[in-house]
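Pasting in a structure now, in structure tokens, and then I'll have a few things to ask.
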Amino acid sequence: MEAFLHQIFSGLAAGGIYASVALALVMIYTATHHINFAQGEMAMFATYIGWALIEQVGLPYWVAFFLTIAIAFVAGFTIERIVLRPLADKPVLSIIIAFIGLLVIFNALAGFFFSYTIKAFPSPFPTSPPFGNKFLSWHDLGTVGITVMVLLLLFGFFRFTPLGLAMRAAAFNPESARLVGIRVGLMLALGWGLAASIGGIAGMLVAHVVYLDPNMMSGILLYGFASALLGGIDNPGGAVVGGFIVGVAENLLGAYVIGTELKLSVALVLIIGVLLVRPAGLFGRRLVTRV
Amino acid sequence: MAKLLEVKGLRAGYGPTEVLHGLDFEIEEGGITTILGANGAGKTTTLRAICGMVRVSGQVSLGGQAIAGKATEDIVRLGVAHVPDGRGTFVQLTTEENIRLGAYVRSDKAAVAADMERIYGYFPRLKERREQQAGTLSGGEQQMLAISRALMLSPRLLLLDEPSFGLAPLIVQEIYRILREINRKERVSMLLVEQNAALALDVADHAYLLETGNVVVSGTSDVIKNDETVRRSYLGY
Amino acid sequence: MLISRRVMIASVATAAAAHALPAMAQKKYDTGASDKEIVFGHTGPYSGPASAYGTIGKAIQAYVAKVNDDGGVNGRKLKMITYDDGYSPPKMVEMVRRLVEQDEVLFLFNTLGTPTNTAIHKYVNAKKVPHLFVATGATKWGDPKNFPWTMGWQPNYQTEGKIYAQYILDNKPDAKIGILYQNDDYGKDYLHGFEEGLGEKGRKLIVSKLSYEVTDPTIDSQIVSLKGSGADTFFNITTPKFAAQAIRKSADIEWKPLHFLNNVSASVGSVLTPAGLDKSVGIITALYAKDPTDPQWANDKGYQDWLAWMNKYYPEGDKKDTFNVFGYNVAYTLVAALKQAGDNLTRENVMKQAASLKNLEVPMLLPGIKVSTSATDFYPIEQEQLAKFNGKVFELFGKVYGN
Amino acid sequence: MTSNQAAAPLATPLAKPATSWVTTGIFIAVLFALPYLLPVVLPELEGIITLKANFMIFQFTLVIIYAIAILGLNIVTGYSGQISLGHGAFYAIGAYTAAVLMDKLDVPYWATVPVSGALCMVVGFLFGLPALRLTGHYLALATFALALAVPQLLKYKHIEWLTGGVQGIVILKPDAPFGIKFMNADQWLYYFCLFVACIMFWLAMNLIRGRFGRAMIAIRDHPIAAEAMGVNNAMVKSMAFGISAAYTGVAGALGAIAIAFVAPDSFTVFLSISFLVGLVIGGLASISGAIFGAIFIQFVPNIADSISKAAPWAIYGMFLIAAVYVMPTGAAGLVRRLRG
């Protein structure tokens, strides 16, 4: 029983990680209607910047944390302007190739600048187990807490601010958005900036758990992608819940049902099965349009 | 009356194809002007050219200010609202979000709130459906929504692209009644593109007739309505 | 007259040649070697998922630069041609063929990876190109009967697995063993050696055997399961990132087994430090090389030479990275073999000399561990010594295993 | 990837087949003469034709193999409009089929190629039936999962006796048949692959210009209209996926024969991504584009490697981005633009 609980909680802890990455994917999807394959590598690179600020510059954790978010925002914004802007009217697959290009560039540059040996990333949370439990650490709880906080902020931003509404409008229907005076290009760039920031947050939370190295995100991105689609790619809340479901399901399947060798394959098959039944994800809104 | 929009030698097209070959026309402040013509004459392109949605050359000036070549969003900010072909609904957003977006460039919050209530007064059905996803509205409701969104800009010039398209006659009548009312009450100038010439000539003060990218006839609505030859050869009724 | 003169000249020339013969006799070259240089080929994963190993190739290049600055090998400069294989077997085949057929190198050196080297194994032996000191710990590289042109270098994973097994049988015969291994050739090789070392009876000691994939974000779940299985002995066959995760997670869930960590991840600086030194106390590993991050070598001559070389020839390299020690050691071994080959730089002789290293001491190998090969022994390093982490350094203990 | 909006094109399709029959003929003739042209074009190879030229012939053999694989992906992505990030899986299945048949059953190498194709067609069709109900990102995830799962399945312990597990299977490289003396194994393999490629390209051309091709394109461009005209969308899409998988499977079998080795590590997700790169950079919905794409994925990584050992991927990534800037419709589209 204790082992079972342990599996559930370590699944929840992993789920928190997937959720935070899924959130970044949902963010970029909401703002640009693309799924950015380079999101994971951008997050990884931002995490290295955070690491350098803490370990090499010597800034306190939270200062470095927010500075990294700001740097990631500017970087995401700039990448949209420089790399993706010229491709705006190009076919979708061309843009995907550009994403793949960005992915390999960031991966290679991280190795080049920071080497491939793993680095420990500090956590701002206490190391003693909270409330004397032995299942979850403060960092696990903190990850969930920060993810939920980001989720609420995003929800509020998109739902209640004119800028958030404009960003959604620009992604859904750029032509109509221009007709109400929205600067669509700027919205896309802001969306990239925000997504890069959220990715940076996710990266910094993840890095403490899995250790920082240039390939840190390659596996996680897949789980994040699956979580986001499972929960509903246009639904931030769904993506977070999807993350937890994937984390727990993967752990339990691996530990008790199919063994560790095939757990990824089976988990993916299950997710695809769910998507076949509910094509918009568990919590996604099915788009209804009357002509 | 003062001229709100003056267009001289307007050429526009898509890619290598030129659709408009040098149009001249003008719109008077506070009036309703209509552009008539057969399919493919260039009516929709004319509206898109005014808002900078296609590549243009020639002169377009709004209240004396040159706007040709400006970006769409900048032209919108000068007070040109466009109810586009196909209505341009943000189908994934709610009705109210669609309407709120219309006022995106305005910063006068109190006035925006007042405008929203007034527009709901014109279109009470939209108010009933304010929380509904806009994609689920009927065609007529989506047309009303598009007009409402455009009006939220508090525009100087409202461009309307075939507001009657695909709608039942009763709904068309209602929409046109409201458009006339808005024009009269709020002094919003309108440029109306219609295939249904009889309908358009009924509401418009002034009309231009396009054929393959050129203005072939212009005049007040009454004159054109009563010109037997024009009616037969161009308008076909 | 004319004729006789020609004969005379000829005979003089013959005499001169005959006279010079003793000195010239050994100057024999195959493609890639000349009076001026020795050209050899190398591939490594500079790109792709295994690019962490790319630094080995760069370190070898840096060592070649040092050798050339010091005058080369027997007066000849070394020229290393290295290509990116992306850890992909098909790419490896292409690149090795390029080295052999287009660049016409004298021999191949330290090509990396088990699947990749398997892909070229037959080819290089058919072409009779020396395939020296490959960078993988699989067992199959020491098979001079069937593959006389291929030779490994590092202690193979199976041997190391057997050492741990032996230790357990000797010291903890009632152990309940839990194993975590990477699900690929590397992990399975260790596992195989370990199980073989335990023997039929000892294999019953294994209570849990779990794998992970390199794409798994964490291995927390596996550690929890291992603890749940009641294991009190843990054989940790993981690469650095997962090793650090395993060490930390088992401490966090208060699982305190007798912990054996494979040599692949036995680095104080790049594994135990990130995992937490206090959490690493008691870990046992088998070592053959000096860990550059282990403070016990700070004043060691071999380490200081290595450090000076890193600073001068590979300043951008990571000094915590044990792969940079690996590259240095293996390149040192190569140079020793080439020196031994003298002026007879045929492929056959290079292979022969590589197979006749006798008790070669390599500066960054542990004291007492030597490189030896023979015509029937294609395993250059077969010795390892167990060491236990005391919170600061790996303390060597017990005998040197192997011969 | 974009939203589910039907209006968003996956790519700008090219209107007509790029090459005329004459250019096609010349091109094929050049390919057939290549092993003998190489020493003429590169005189420094003369005399040592056997060795240096052999390596290049080997590289071109790989180009041909990749071209078949990309052509397969093109059928499903370019013509049928379904994105696939998982064609590496079919390449792997084809390769393993060939290797297992040769290794365990001593089937002659040439006979494994059609078997691989047929098996992949069945697998592709069966995968497509459910998966192609998904679109856009969801299909991308499903196919990506396939690419990820297949290498893991190949090393699964219960089929290790068949697949060789993580160690893979080493196979024998075929020699020229009938004791032909004037051709070495590399040259023979080149001609063998070229021969297969010609058949596959010819079949593809007929397929695309025929009834089935029109049905695929109709579904891609106007799914609702196609359905209304009586096209069974689900069946056509799944068939397209199956045919596409068959192409890639054939390429995989040839790849296994050329490399003479298969292992799970040969078929990582990156292989699938490479095919996609080759497809887009070659040119979507263009038969000749497959060849340009194959040349790109074969040679550009080598160029990147020769520029920088420090971070070859960074260079490769820049090449990728530059390629889509310069040739948004792929190399085939660029050629068309330059011509006319």
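The chains carry the letters A, B, C and D, assigned in the order they are written, with residues numbered from 1 in each.
By our rule, contacts are C-beta pairs under 8 Å (C-beta built on N, C-alpha and C of every residue); 3 or more make two chains touch, one makes a residue touch a chain.
Note that this is a predicted model, so its numbers are computed, not measured.
Hopping across touching chains, the smallest step count from chain B to chain D is 2. Grouping of the remaining chains in the absence of chain A, by touch: B | C, D.
Here the two chains linked by the largest count of contacting C-beta pairs are A-D.
Comparing the centres of all chains, each the average of its CA atoms, the largest separation from chain B belongs to C. Centre to centre, using the average C-alpha position, chain A and chain B are separated by 43 Å. Distance from the chain C centre to the chain D centre is 36 Å, each centre being the mean of its Cα atoms.
One inter-chain figure worth recording: chain A and chain C are separated by 38 Å, centre to centre, where each centre is the mean of the chain's CA atoms. Separating the centre of chain B from that of chain C, both taken as means of CA atoms, is a distance of 76 Å.
Within chain A, the positions touching two or more other chains are listed as 104, 107-108, 111, 172, 222, 261, 264, 287. Not a single residue position of chain B touches two or more of the other chains. Chain C has residues 47, 49, 51, 54, 183, 213, 215 in contact with two or more other chains. Looking at which chains touch one another, you get A-B, A-C, A-D, C-D.
For chain A in complex with chain D, the touching residues are 33-35, 83, 86-87, 90-98, 100-105, 107-109, 111-112, 172, 222, 225-226, 229, 233, 261-262, 264-265, 268-269, 271-272, 275-276, 279, 287. Those residues of chain B that touch chain A in the shared complex are 51, 53, 71-73, 76-77, 81-82, 84, 88-93, 97, 100-102, 104-105, 133, 135-139, 142, 149, 153. Of all residues in chain C, those touching chain D in their complex are 46-49, 51, 54, 57-58, 82-84, 86-91, 93-94, 97-98, 101-102, 104, 113-116, 118-119, 121-123, 183-185, 188, 213, 215.
The touching residues of chain A, when paired with chain B in their complex, are 162, 165-166, 168-169, 172-173, 175-184, 234, 285, 287-291. On chain A, the positions that touch chain C within their shared complex are 2-3, 6-7, 10-11, 13-14, 17-18, 104, 107-108, 111, 115-120, 134, 137, 206, 209-211, 213-215, 218-220, 222-223, 250-251, 254-255, 259-261, 264.
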